[in-house]
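I've put the structures underneath this note.
Two complexes follow with chain A in common, the first pairing it with chain B and the second with chain C.
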Partner chain A sequence: MKSVIKGAGYILCHVPDMVLHNGTTQTTEMIVNPEGEYLKALPSHLRSWEDVLEYWPNQVYIGNKTPDELAAVPQPFYTTPCDVKERYGHFGQMMPQEEFTLLMQASDVFDLVWLDKNFVAQYKEQFAANPMIDETIVARIKDGIEISEIERLVKEEHSEGLYHNGTLVGCVKRAHDIDVNLSAHVMLENIVSKASSVLALIAGVQNAGYQKADIEYVIDCCEEACGDMNQRGGCNFAKAAAEIAGLVSASGSDSRGFCAGPAHALVEAAALVEAGAYKTVAVTAGGCTAKLGMNGKDHVKKGMPAFEDMLGGFCVVIGENDGVSPEINLEILGRHTVGTGSAPQNVISSLVTDPLDRNGLKVTDVDKFSPEMQNPDITKPAGAGDVPQANYKMIAALAVKRGDIPKADMPAFIKDHGLTGWAPTQGHIPSGVPYIGFAREDIMAGKIKRAMIIGKGSLFLGRMTNLFDGISFIIQANSSAEAAAAAGVSEEEVKSMIAKAMKEFAATLLAQAE
Partner chain B sequence: MDLENQKRVLGFAEQYGPENVVVLLGAAEGEASGLAAETVTAGDPTFSGPLTGVSLGLTVFHVCEPQVKEEFDQAVYEEQVGMMEMVLDVDDIVSEMTSIRDEFCKYLG
Partner chain C sequence: MSILAGKKVVAIGDRDGIPGPAIEACAVTAGAEVVFSSTECFV
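So, the complex of A and B:
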């Protein structure tokens, strides 16, 4: 039986001070042009918590608004405040910097994160009140230390400062005196990734309707690496985050592939479940400090807010076929192979049309495509254009070349089969996966039957190969009733089987409650 | 333009002589093409890479410009670039590239 998507979690963490201190555009500028206009101007372009709450793309990311609603908002989105300003949404939440700083400390198991005791006292109660943060995580919060000691650690011990509203409130210590892989800078990046993955995992598991102990395997697919000088990319962020999230029955491992990582990881997760190796697999990724303010120079130059102030995280939970949830169809996989080449035409053919051809489908048989879902507010001022739109134009152009649609229908195809981008430019975060939560809902509501998730990765960034990379898969309406009917089982019998399974599940819950 | 790419362009210009180097772009937008073209001709407009203050004046084209298209085997061009040609705003790219070349290129007759 095909595996199914049981639920998804999406979280954002608003970290304006990290934009200044940890984004590589800014840290590079501090080295090459420390007295330049950009670093002077940037702080006045940072957004407030209220600004990010009323920002349309953020409300779509956490599920309070839909991509269709976003499509009707005039661009740039930031000029139209969203009517919903909630920090919690049905996919997850937006977390403010003060809570995220505490979550970082709670996620650290090597006494590397130290916070000012007054900061902890001020925000611990607020942190504990967050409904996704349970008592086991709150219990991990330490009382904190004197700010003078934190100042000393930053000045004398190469610690990376943690700031809130421009004030030093904590630090991340180096984990080794000599090993650059365990430097304070690397540890900060990795703890941020881990902490935001913890929050995403909690959201994903909750939304999938599972107990924490139900998750058997976790795959992390972020773009960071952890390890010491003898195994720089040893990793297993997955298990590290699962521990803090309380997934006691889970094992895990990491999968990497630049921005294509999440799509690769989801295919692996679906295969593991379909093969019966694990019943439930959570695919997760936290956010990336390096990319904060990545296009800040263009935003500042054009008088816009510095939009890249949100760490992104997501979690998709794959489970055994329940007869209801949308399935991942592993028979329709798009593969960018070593021999495919890097011309856009070859890339799109290998990911979109080749897998459809192999299964006798046309481009128009896919109701929605979810390629790189970057928010155009961020990318357009930086000269990168509207990335999702560029992808849709390529898919439409290919459909025209193949004769699936007439050229005149390109705009209508793009509107009907495309989506407006809403994801923060956090590398792996926008790559196909932001739509999975909505795709699950749209398929279950009967609005669409089939969605294609497309992940693409720029492997040349690692200087190991000039090859491009990509992978795609199809999410489709649950077909187990049809399959059963074809196998001679009636719809009534399927319904009765599902009812029986639900009764057994309820009995288990009751037994646990007792 | 990526700092590492700037370094490589500078390296090639030094190795082969700037008059012997042609930079071929594949950027998706007129503005991005113009910025890259400006970087390899007038110097890095963002003042952050190795080409800051270095006016190489290299010959630079976008792959969708007609002069470049003529140089290709048309079957290969159609296979490799045909789809993107349909997608990109070629007129905008040509206009950006032409204005940068007219102003900063040192090696076009």
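So, the complex of A and C:
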């Protein structure tokens, strides 16, 4: 039977000091133009915790608002404060920098993250009060050391500083004297990715209604690499994060594909469950420090806030068919192959229309398309346009060309079958997956029957190939009752299966409400 | 006569717009010599 989506978790971590110290646009500027106007102006464009709480796209990301509600908000979104300003949402949470810094230390198992003892004392209680942080994680927090020793580690030992409100509060030490793969810079990036993945895993497993020990396999699909000089991409962020998250029964491995990584990983997870190799697989990814403030120059130049101050994370949990949850249909896969080419029309054809053609479906048979869901507040001022809209225009144009819709219906098609982007520009984070949590709810509520998740990846950035990449798959309403009927299973058996699944679903809702 | 005929061209594409190889193919067809081509990512 087809595997199903049991739940999803979405988290954001607000890290304004990391924008200044760890985003590659800023670190590059520090080298090539350290006295330039941009670095002087940027701090005054950073957002406060209150700013990010009342930012519409963030509230959609954690599930307090819906994509439909966002679509009705005038753009740019930042000019309209959201009426919901909660840090917790039913998909996950927003975590402030002080808590995330402690989570980094808790996620470090090699004594690389050291914090000022006064900082730890000030924020440990707040960290422990976070409902997603259990006592095993709190117990990992060390008391901290003198700030003078942290200053020495940064000045004399090549450590990367950790800052809060412009003040040094900790550091990440290098893990090797010579090996650049274990430098303080790389270790900071990797520990950030791991820590945010831990938070996403906890949210995802909780939302799926599982106990931590129920998860049998984890696939990490971020865009970082860990290893030493002899195997620089050896990886397994998955197992490293699962250990801290307390998923004691889980094995795991990593899957990579630039921004297309999550879509590849979800297809792999669905196949593993459908084949019976594992009963439950969690696909997870943490955030990326390098991309913080990536388009900051344009935001500052236009007098806007520096929006790229959030690390993103997500987790989707795939389980065996429960008769109720939406299924991943592996029979309708879009594949960008070596021979597809990189022309936009070829890319969208391979990912959208070709798989539909193979299965006798029209473009209009897909109720919602979720390509790359970047927030247009971020991309439009930088000249990259509205990325989801550009994808929808291409899909609509192909639908016209195929005769699925008349040309005059293109705007209505885009409105009805499209979504407004809400995800931070964290590479793999916006790539199709932000909608999965909503898709699950919309399908179970009967609002839609079928959604297509589309991931695209810029393989050429690795300088190994000039090829583009992409993969798509369909999430659909559960069809096991129909399949069982066709296979001659009795109505009573189907009813019993559905009743059991509904009971589990109700338990999940109750757990979320608590 | 194409405005690009005989000209040297630097093609910088956008992964969410027109990629470098596509611009390169058009420029070559129009008689240009492409001296550099790449695709950039801003997301």
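Observations
Methods note: the second predicted complex is superposed on the first by the 493 of 514 C-alpha atoms of A that agree within 3 Å, B and C clash if a C-alpha of one lies under 4 Å from a C-alpha of the other, contacts with A are read in each partner's own complex, and residues count from 1 in each chain.
Throughout what follows, contacts are C-beta pairs under 8 Å (C-beta built on N, C-alpha and C of every residue); 3 or more make two chains touch, one makes a residue touch a chain.
Remember, it's a predicted structure, so these values are computed and weren't measured experimentally.
In the superposed model, A:Ala384 makes contact with both chain B and chain C. Once the two complexes are laid over each other on the shared chain, residue contacts for A:Leu398 go to chain B alone; chain C is not touched. When the two complexes are overlaid on their common chain A, residue A:Gly36 makes contact with chain B while staying clear of chain C.
Contacts of A:Leu330 after superposition on the shared chain: neither chain B nor chain C is touched. Of the two partner chains placed by superposition, A:Ile147 touches none, neither chain B nor chain C.
When the two structures are aligned on the shared chain, A:Ala71 is found in touch with neither chain B nor chain C. By the touch criterion stated above, A:Ala343 is placed in contact with chain B and with chain C alike.
In the superposed model, A:Thr425 lies in contact with chain C only, and not with chain B. Shared contact residues of chain A, touching chain B in one structure and chain C in the other: 343-344, 383-385, 390. On the side of chain A, the complex with chain B involves touching residues 28-29, 32-33, 36, 297, 343-346, 348, 383-385, 390, 393-394, 397-398, 400-401. The part of chain C that touches chain A in the complex is made up of residues 14-22, 38-39, 41-43. Only residues 259, 294-295, 341-344, 372, 374, 379, 382-385, 387, 390, 425, 427, 430, 456, 458, 460-461, 466, 468 of chain A touch chain C when the two sit together in their complex. Residue ranges on chain B touching chain A, taken from their complex, read 3, 27-29, 31-32, 35, 46-48, 79-84, 86-87.
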